[in-house]
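Note that the chains take the letters A, B, C and D in the order they are written out, and that residue 1 is the start of every chain.
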Amino acid sequence: MLRIGILGCGRIGKVHARSAMQNSRCKVMAVADAHPQAARALADGSGARVQLADEIIASPDIDAVIICSPTDTHADYIEAAARAGKATLCEKPVDLSADRIAACLERIAPAGIPLMIGFNRRFDPSFDQLQQQLRAGRIGDIESVSIISRDPAPPTAEYIRRSGGLFRDMMIHDFDLARFLLGEEPVEVYAAGSALFDKNVRAEGDVDTAAALLKTARGAICQISCSRRASYGYDQRIEVHGAKGMLRAANIHLTTVECADQSGFHTDPLLNFFLERYMPAYQRELDHFIDAVASGATPSPSGWDGLLAQRLADAATESARTGRSIKLES
Amino acid sequence: MLRIGILGCGRIGKVHARSAMQNSRCKVMAVADAHPQAARALADGSGARVQLADEIIASPDIDAVIICSPTDTHADYIEAAARAGKATLCEKPVDLSADRIAACLERIAPAGIPLMIGFNRRFDPSFDQLQQQLRAGRIGDIESVSIISRDPAPPTAEYIRRSGGLFRDMMIHDFDLARFLLGEEPVEVYAAGSALFDKNVRAEGDVDTAAALLKTARGAICQISCSRRASYGYDQRIEVHGAKGMLRAANIHLTTVECADQSGFHTDPLLNFFLERYMPAYQRELDHFIDAVASGATPSPSGWDGLLAQRLADAATESARTGRSIKLES
Amino acid sequence: MLRIGILGCGRIGKVHARSAMQNSRCKVMAVADAHPQAARALADGSGARVQLADEIIASPDIDAVIICSPTDTHADYIEAAARAGKATLCEKPVDLSADRIAACLERIAPAGIPLMIGFNRRFDPSFDQLQQQLRAGRIGDIESVSIISRDPAPPTAEYIRRSGGLFRDMMIHDFDLARFLLGEEPVEVYAAGSALFDKNVRAEGDVDTAAALLKTARGAICQISCSRRASYGYDQRIEVHGAKGMLRAANIHLTTVECADQSGFHTDPLLNFFLERYMPAYQRELDHFIDAVASGATPSPSGWDGLLAQRLADAATESARTGRSIKLES
Amino acid sequence: MLRIGILGCGRIGKVHARSAMQNSRCKVMAVADAHPQAARALADGSGARVQLADEIIASPDIDAVIICSPTDTHADYIEAAARAGKATLCEKPVDLSADRIAACLERIAPAGIPLMIGFNRRFDPSFDQLQQQLRAGRIGDIESVSIISRDPAPPTAEYIRRSGGLFRDMMIHDFDLARFLLGEEPVEVYAAGSALFDKNVRAEGDVDTAAALLKTARGAICQISCSRRASYGYDQRIEVHGAKGMLRAANIHLTTVECADQSGFHTDPLLNFFLERYMPAYQRELDHFIDAVASGATPSPSGWDGLLAQRLADAATESARTGRSIKLES
């Protein structure tokens, strides 16, 4: 029974609390949030106690922490948790600065405490199954990858201001998926973005529509397409081409109902957003974390995965700004 | 080069003329119709001459006739063509009376002239492919068959009056497909029908919505569903279950375009009717007829297939009238 | 908080216990089973106490019972629960004898205690959504209904022996769905069945492959197709045709992964069986039961729904035995 | 009746001859080819006479020529045809040098003779329908476009050597489609390519796997993905995202047959290559050409469309070589 403390009780903190409550192998002991009301509400729902984050990290009846607080607190909490010997599952991104992430990983390395980064999409049952088939050689050597990621609607102005920009906040998930699928590191990144429809995005100098093109040393090509808007629901697709064929994973609709009439055939929109689409992924992610802690294995995605995705996001941000492709040191 | 005469220049006569004109192995020499204008129009379009049906049958430069005239003329023309030694492709049904069909087949047997019945759906590329996979054992022994056949809109009152009723006019195609797929003869037929939406159908004592349930000696079960109406186009599907799995053939949409918006995902209606859906089938049917005549093989579906489908249609008609299942002599 | 006792701790008892544990509006207080070990195991997993069924029914801290015991105990438990004033959710069928069901309903009527029958498929999110669209007039008046239900593999010989036969054990779900979708009562039933592949089924004089054709007073036609076997998973589909179009609900695959190679395009089999496919339906069923008990509304499907589905199953059984269609009193 | 001469009797010349023979509004009068046998074969099949290209262009009984000869002859023939007053349908590309194309267009401008370029994909029924819905505003302002184009297998070494490279030979179709769909000109092009599997491609310094990312002045983004190989058939898809939703066109399979078994659900590969997939497009292309010549309207795609696609192909070639994005003058 893994005894868990949750640091941060916002939207994603609630997701992890809900996963943990449905998992018979762990128990939420304590929760913390800068807003006491948020912590209180989650504590009431989960039977946990409310404490300060530092108290949770120091508490002897806590085995592991899940970091769901604002991004600028992540690296500090990871370091504090490592010092206190607590296994850590940290939401992405570790930090908006790749240098800060690298420093954090260096500092915690001696402690040898498990650190897992919350790239939840790797645990989507379909994406995971697809990747396993890739690794098993179902379609041979990889030639190209395409990742599509469209949110249903743009976030708030406040969220955008603190997000680090679309490439670091949103496309970072796709950079992680690209590495997960490609099985080798991208060595060159080109990206382009436009502010086409969201005035907050434009006011912040950010983009709402973007694409990236990555290339690996072996010559495999990866295309990523992101948008902050999709009228028809949360659009999350991957497609991989290899020497022997193609593997792809499709979207999930609200229901399987289809209506046919004079104007044609009609099916439902997609599951609305990540809470609906990726709830099974969050549950499987937590299971993997519990397994890793129990067995002493290094959890995956690791802190290094967090760092390497961030470097891709930084490169994409620079490429979109300068119009040049960016080479990455391998 | 098979030299062809077409008897009957209505809708289906035009279909066969069009197929023949695109086929480099045959030539339409002459056409006949009770309405001289109809014959004239088809002759102008195809470069054929206009003659009386009997003249065509007697003509020395005609190798084969395609009978597309009203049903009550079919059997007489088949017999005349057999006497004249002309290979014959006759539109379904051979006759509304199974006894008349049996007599016709008996009379022409001595002549040994090829007779093929126009059950065009056997030549649909998907249906044909499915049946070949069935015969090759892809799903093992057949356990059940489902056939769906829905026309886009009811025919005219005049058509209904002379049709012999839905079971003999429309479901006869499905009875032939059932035999084609099952690979054995049904021994019991139950059918039910309703006049739900078409006032002409009701006025004639016919039905516009119907279903049948067939059983073979081995115990395989076949369900057929027919309707004279489908708002979304011409609905033509088959599904077969066997010991090892399922084989089915889907409908064909006007285009592959899909639109996704707030209300969901939308695709086109189906191909509108048999001219659009089954044009490739008519072309392959004519090819098979030409092959059979050239090689001396018996064409399939044969006159006996015409007779056996008619007996199933008669049994269904009686079953729907009496509410009892009808046993067929094997 | 609805305090629940579960009578019967087999496969379906576990399903309901799991639903109840994930539902914050109810609590499993006690469980009973003729096999003490089965009760013990479920009690351990759910934090409930083990008691005898009669003790649970009599217990003052129990508000409702869920009856998951063998069929021949259902009616007695329903009556005992009604006498004790406990709301009841009873698994289908209420009894293998329609007369016994009718007597049971008559006896409990004066008590006015809520009784709900576990026709779980009505609560499948897609089936439920389809039915709501039907009732809202999306495709106009209903003309025909098709229901397909194929289990992945036959049950044990022991199960078959006590099942009442395929029509009463398996197709009863489809009869309930037919009534749910048609919105009016069938007045005539024809059914046919065969023992094609399962030797236990054959030994018991039962069938493993079956079809039924129902007709309503208004003339709507319903086709049902059942099999005890499907190599590709649990096949559960419905399709309804109306004056303005078609509504259908498709199957659910294990994942959305698709592989394309030289031999074509390949997707996963279906969710394996009812536990996987209908878990959301069981959860929604329990929610509806809790709502009904809380509000004092009559739960649906009611005891009468249980009786009417049983009468259709009896009629189908008789029809398959005699080869005649059976008329039902309305 | 448009009297046509076909210059070049190779693969694509045969396609146009076949289209023309099935079109009642035109007639193939004469054919030419550097290989007399090729010309003879096509003449025999189509009832045309064999002549030299220059003779055909000069012949008074020829209204229009279809140029299907090697690329390096296109511009000269276009100019000769313009001088002779013959309407011209020229296969893509006009020339491998954009400057040569520009000079050609300038020279023929005074003659005012219709010139159409054979970007056949614009006439695919699904792509055309999608583009019409775009122009009609079905999904609002365009935000991003994705085009996928994968050939079933690489061409011969000889073909590759003379092709001008993947971007000019293959992706030029996608550049034309991009312009057709976007409705505005790309102003920046980035491209990347790899030689991953074809040794001939590698020997020529060409690529077999490539991607491009285009951006328009308004900020719309277009991604293109090409490969010289696809085990599952000819992969041709487009997807467009706009302010109100998505429009996409899917691939076409050999048949609609689906088989389900223990390992899942299986459908056919795609139509094998452009002859199968785009035959209807070639027929509609010829129809448009005949219409334009008859009405005096400028055919579309025009010579300018040929020039602008070539400039995009040149820019992509340079980008892939240098690793920099290329800006285009508008």
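Just so it is clear, contacts are C-beta pairs under 8 Å (C-beta built on N, C-alpha and C of every residue); 3 or more make two chains touch, one makes a residue touch a chain.
All values reported here derive from a predicted model rather than from experimental measurement.
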Checklist entry - Counting C-beta pairs in contact, which comes out ahead: C-D or B-D? => result B-D
Checklist entry - Which chain has its C-alpha centre farthest away from the C-alpha centre of subunit A? => result B
Item to check | subunit B and subunit D, separation of their C-alpha mean positions in angstrom | outcome: 40
Checklist outcome for this item: Per the C-alpha means, the centres of subunit C and subunit D lie apart by a whole-Å value of 57
Item to check | Residue list for subunit C, restricted to those that touch at least two other chains | outcome: 231-232, 244-246, 260-262
Item to check | Complex contact set, residues of subunit C against subunit D | outcome: 231-232, 253, 260-269
Checklist entry - Which residues of subunit B touch subunit D in the complex? => result 22, 125-126, 129-130, 133, 138-139, 244-252, 255-262
Checklist entry - Which residues of subunit A touch subunit D in the complex? => result 141, 143-144, 146, 150, 188, 190, 192-197, 209-211, 213, 215, 218-221, 223, 225, 227, 229-232, 235, 241, 243-246, 323-325
